[in-house]
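Here come two complexes built around subunit A, the first alongside subunit B, the second alongside subunit C.
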Partner chain A sequence: MIFTYCWQQISKSTTWFFVWDAPRIATDLWTRATPPKWEYISQLGKPIWDTLNIATLGTLFALIIAVPVAFLAARNTTPSRFIIRPIALLIIVSTRSINSLIWALLLIAIIGPGVFAGVIAIAIRSIGFCAKLLYEAIEEIDETQVEAITATGASRWQVMAYGIVPQILPAFAGIAVFRWDINIRESTVLGLVGAGGIGLQLNASLNVLAWPQVTLILILILLAVIFSEWISAKVRHAII
Partner chain B sequence: MNTDIFNVQTKIGKPWKKPPFVQSNLLRWVLITGFVIYLIAAYMTIDVNWSRVYEGLERGKKFVLAFTNPDFTSRSSDIWEGMIESILMTVASSVVGILISIPIALGAARNVSPLPVYLICRGIIAISRALQEIIVAILLVAIFGFGPLAGFLTLSFATIGFLSKLLAEDIESMDKVQAEAIKASGAKWTQWINYGVQPQVMPRLIGLSIYRVDINFRESAILGLVGAGGIGATLNTAFDRYEYDTAAAILLIIIVIVMALEYLSGIVRARVQ
Partner chain C sequence: MLEIKQLVKKYHTGDLALNGVDLKVEKGQVMALIGPSGAGKSTLIRCVNRLEKATSGEIWLNGENIVKMRSGKLRRARRNMGMIFQEYALVERLTVMENVLSGRLGYVGFWRSFLRKFPQSDINAAFGLLEKVGLDTMVNKRADELSGGQRQRVGIARALIQKPDILLVDEPTASLDPKTSRQIMRLICELCRERELAAIINIHDVALAQMFVQRVVGLRFGAVQFDGPPEGLTPDVLTMIYGEEDWEATIESVDDEDDLVTL
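Up next is the complex of A and B:
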C-alpha cells in the first residue's frame, strides 16, 4: 500500500516521455562515450594525487580528533557519564549523519573551493564513523588487564597507555584502514561540488559533454576504488 | 667500576619495553619513513590559501550561529516538498531493492547455487558496489531526465549491491545441519529454501533491511545535488543563496530523522535477534 502510494507520487513527477526515450538515449550515450579518450590521462595525474591526499589526510585528521572523542564516549573511560558522554555522542551522531558531499558544499562556502575544503570535509565526516567504532571497541576491552595495571599503582594516563591502548590497537588500525578505503571512494566525487580531486575533472568533462573523457575518468575511479579495497583487505588480513 | 655496572645490567636483564605493534623491525621503519615522506610530499602539493580561509571564518561563524537560530518557516513549502520526495524515494527504492536483492543473494551464495549463477550474481554485486551512488545518479539523470525516478533507480541499484553481498555471506555461513535435515525429508528446492534456509537468515535480513533504509535516506539527501530529486536540491539552493539559516534547518531535520531511524533500527534489531 505505502509502496504503491510512493510509486504513484514518483511517477507523477516523472516526465514519462523521457523514460520511454531512455533506451535510445542510452545507446546514443554509449556510442558517444566509447572509446575512452586515452590521451586525456596525461592530465589526470595531479587530480588523482589530490584525491589520494584528500582521503589520506582527511582520515589522519579524523583519527586525531576521533580518538579523544571515542575515549570520552566510551562508558568505561568517560570522565563524566552525564555531561561529557552525551556531548561526545552528539558529536558522533551529527558528524556521521551528514554526507561528506554536504560537508564539502558547506566548507566551500566557508573556506573557498580547493583540496583543503575536501580534506576537512572528509575529516569531519569520518570523525563520527571512527569514533563510534572505536568507542565500541573500548567498551569491549578486557577489564582484568586494566585492573592489573591499576593494582600496580599506575596513574590514570599510565592505565590508558598500558592497560587500554594495547587492547584496542588492532581494532584502531583496522578502523583506520577501513575508513581510508571508504574515503578514497568518497573523495573521488567530492570534486563535483568543487572540493578538488578527480571529481573536478569529471564535473568539467560532464559540463562540456565530453563523454569520452568521462568514460576514462570513470574507469580510473573504478581502478582507484578496487586498488584501495585491495590494500585495505590486505592490511586487515595482516592485522586480524 | 665500569665493569660493576655492566655486571648489574647483565644480572637483572634488560628493562622491559612495550612490544611494538608491527613486529618486523624492517617493515616498521619502512612504514614510518614512507609515511613521513608521503606527508611531506602531500604537504608540498596542497596549496592552502590561508588568507581566503581567514576571510571565510567570518562566514563560518555566521553559519554556526545559524544553527542556534534555524529558519524553518520562510522556505517551509520547499523544505516540505523536498523532504517528502526524499522519503518517497527512500521507501520505494528500499522495497524494490530488497525484493530484487533476495534472489541475487541466493544466487551469490556458493552453497545454494551452481557456479555459473554464482559468478553472474557476484558480478552484479561487484558492479553495484564499485560504482558510487552519485556517479550512478549522474548517468541515470542523463538517461532518464531530472526528477525522483533517477534517484529511485540509483538507490535501488545501490541497495542491491549492499544487501545481496551481506545476505549472501550470511547464507554461506548458515548452519548446514538444519538445511540438510529439510533436504533429507524429501523437500523440493523451493521448500528447502523456504524451510531450511530462510528461517536462519531472516533476522539478519530484517536487520540489514532497516539499516539500508537508514542509509538510503542519508544518500537521498545528496542525490539532489546532481538533479536526482529529494531534499539535496533544496539544500544546494539554500547554500548557493547563502541562506544559512534555511540550510541549517534542513541539516537539523536530516540529523533528527537519521537519529530517529537509527534508534528505531536499534530497537528492531534488538528484538529480532
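Up next is the complex of A and C:
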C-alpha cells in the first residue's frame, strides 16, 4: 500500500520522458566527452597545484585553531565548564554545520574571489570537525598518567606537554591527515563558486560544453584524490 | 617530618573516606599502611599529595601545612614527595628515559622540559637510577614495551629522581606476580634505607608488609585501628582491622616463604 502510494508520488513528480531518454543522452555525452583533450593538461598544472595548496593550508589553519578549542571543550581540560566549554562547543557546532561550499560563497562576498577565500572556507569548515574529534580523544585519555605527572610538581603546561599530549598524538595525526584527505576532495569543487583551484577550470569547461576538457579534469581530480589517500595511509601507518 | 592531624575526607557522594586520622612519620621511617578495600588507604596518600583535597584537618610536611597551600607552593612541596602508583602510571608513549626525567619537571622550566633539554646533572642522575633499578639497557625503549616489574622500576626511578624526603607508594605490588612483588618491595625498602627516605606504603599483602617494614598502621573505616611493629599483628589485631577470619595461615606464611626469596 505505502509502496504503491510512494511510487505514485515519485512518478507524478518525475518527467518520464527525460528518464526514458537518459541512456541515449548518456551515450551521446560519452561519445562527445571521449577521448579526453590531453593537450589541455598544460593549462591545468597551476589550478591543481592551487587546489592542493587550498586543502593543505586550510587544514593547517584549521588545526592551529582547533587544538586550543579542543582543549577548551574537553571536560577534563577546560578551565571553566559553565562558561568557556559551551563557547568552545558552540564554535565546534557552528563551523561544522555549514558546508565549505557555502562558507566559500559567503567569503567570496566578503573578501572577493580567489584562492584565499578557498583557504579560509576550508579552514573554517574543518575547525569544528578537527576540534570535535580531538576533544573526544582528550576526554578518553588515561587520567592516572596525568596524575602521575601532576604529582611530580609539574606546572599546568608541563602536565599538558608530558601527561596529555603524548596520549593524544596518534589521534591528532590521524585526524589531521583524515581531514586533509577530505579537504582535497572538497577543494576541487570550491572553484565552482569562484574560490580558486581546479574547480574554476571545471566550471569554465562545463559552461562552454567542452566535454573532453571536463573528462580530463575529472581524471586529474581522481588522481589527486588517489594521491591524497595514499599519503594519508602512509602517514597513519607511520604514526600509529 | 610528616604529621597528619585529624584528617577528614568526605567525597561528593557523601562517602566518608577518612574520619579523623592522626599519623606521624619520622625521617627515614618506612611504614606500611594496611586495611581492607575502601578503608581509605589510597585516599590518605592522595590527600598528602593533594591529588585529592582534604575536607578538613592538617598535613604538615617539613613545617608547612599542605592543606592550605597555594598552587605555586604546592608544586614545590610536591617535589619533596615521590609517588609510586599501583598501575605504574607511566606515560606509555614516552621512552623510559623521558619517563624518568619527568620526575624532574618540578625543577625545570617549561621550554627546557618541552624541548627535552634537561640539565646534564639530571640526565646523569637518571642513568644512575636506571642502573640501580636494573634497567640501564632499556633507556630508549618505550614504556609500553616493558613488563609489569620493569615498569614499576621505572616508576620507582621517576619518584626517586625528584630527590624526595618521603615516598608515597600506592599498592606497588598489586599488579605483579609474587616473586616480582618481593623484588619490588625489597628495592623500595633498600633505596629508602640508603637515602634515609621516609615512606608510606599502601599494601594489601600483610605477609609481604611484615617482611620488609619497621612499622605497620592498620586502617579501617577511615580511622587508625592499629599502629605498631609488624610483630604486633596478631590474629586479634588482624580481626580488628579486617574483620573475622582465620589468620594463622597468613601470619605463618611469612616464615615459610622466606626461604624462597632470591634476587
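As a working rule, the second predicted complex is superposed on the first by the 226 of 240 C-alpha atoms of A that agree within 3 Å, B and C clash if a C-alpha of one lies under 4 Å from a C-alpha of the other, contacts with A are read in each partner's own complex, and residues count from 1 in each chain.
The rule is simple: a contact is a pair of C-beta atoms (placed from the backbone, for glycine too) under 8 Å apart; a residue touches a chain by one contact, two chains touch by 3 or more.
It should be emphasised that the depicted structure is a prediction, and the values quoted were computed from it without experimental measurement.
S.K.: Is A:158 touching the first partner subunit B, the second partner subunit C, both, or neither of them?
M.R.: After superposing on A, A:158 lies in contact with subunit C but is clear of subunit B.
S.K.: Look at A:150 in the shared chain and tell me whether it touches subunit B only, subunit C only, both, or neither; answer first, second, both or neither.
M.R.: Second partner only.
S.K.: Taking the superposition as given, does A:207 touch the first partner, subunit B, the second, subunit C, both, or neither?
M.R.: Neither: A:207 stays clear of subunit B and subunit C.
S.K.: Under the stated touch criterion, name the partner, subunit B or subunit C, that contacts more residues in subunit A.
M.R.: B
S.K.: Classify the contacts of A:2 with the two partner chains as first (subunit B alone), second (subunit C alone), both, or neither.
M.R.: first
S.K.: Per the contact definition in the header, classify A:166: touching subunit B only (first), subunit C only (second), both, or neither.
M.R.: Both subunit B and subunit C are touched by A:166.
S.K.: In the overlaid three-chain picture, which partner chain does A:49 touch, first (subunit B) or second (subunit C), both, or neither?
M.R.: After superposing on A, A:49 lies in contact with subunit B but is clear of subunit C.
S.K.: Which subunit A residues lie in the overlap of the subunit B contact set and the subunit C contact set?
M.R.: 162, 166, 169
S.K.: For the complex, give me every residue of subunit B touching subunit A.
M.R.: Residues in contact with subunit A: 18, 21, 38, 42, 45-49, 52-53, 56-57, 59-60, 63, 84-85, 88-89, 91-92, 95, 130-132, 134-135, 138-139, 142-145, 147-149, 152, 218-219, 221-222, 225-226, 229, 232, 235-236, 239, 242, 247, 251, 254-255, 258-259, 262.
S.K.: For a test of understanding, state which residues of subunit C touch subunit A in their complex under the given definition.
M.R.: Its residues touching subunit A are 49, 51, 75-79, 81, 83, 85, 87, 89-94, 98, 102-107, 110, 113-114, 155, 158, 162.
S.K.: Spell out the part of subunit A that touches subunit B in their complex, as residue ranges.
M.R.: Touch residues, subunit A against subunit B: 2-3, 6-7, 9-11, 13-15, 18-19, 22, 25-26, 29, 49-50, 53, 56-57, 93-94, 97-99, 101-102, 105-106, 109-112, 114-116, 119, 162, 166, 169, 173, 185-186, 188-189, 192-193, 206, 218, 221-222, 225-226.
S.K.: Of all residues in subunit A, which touch subunit C in the complex?
M.R.: Contacts found on subunit A: 142, 144-145, 147-155, 157-158, 161-163, 166-167, 169-170.
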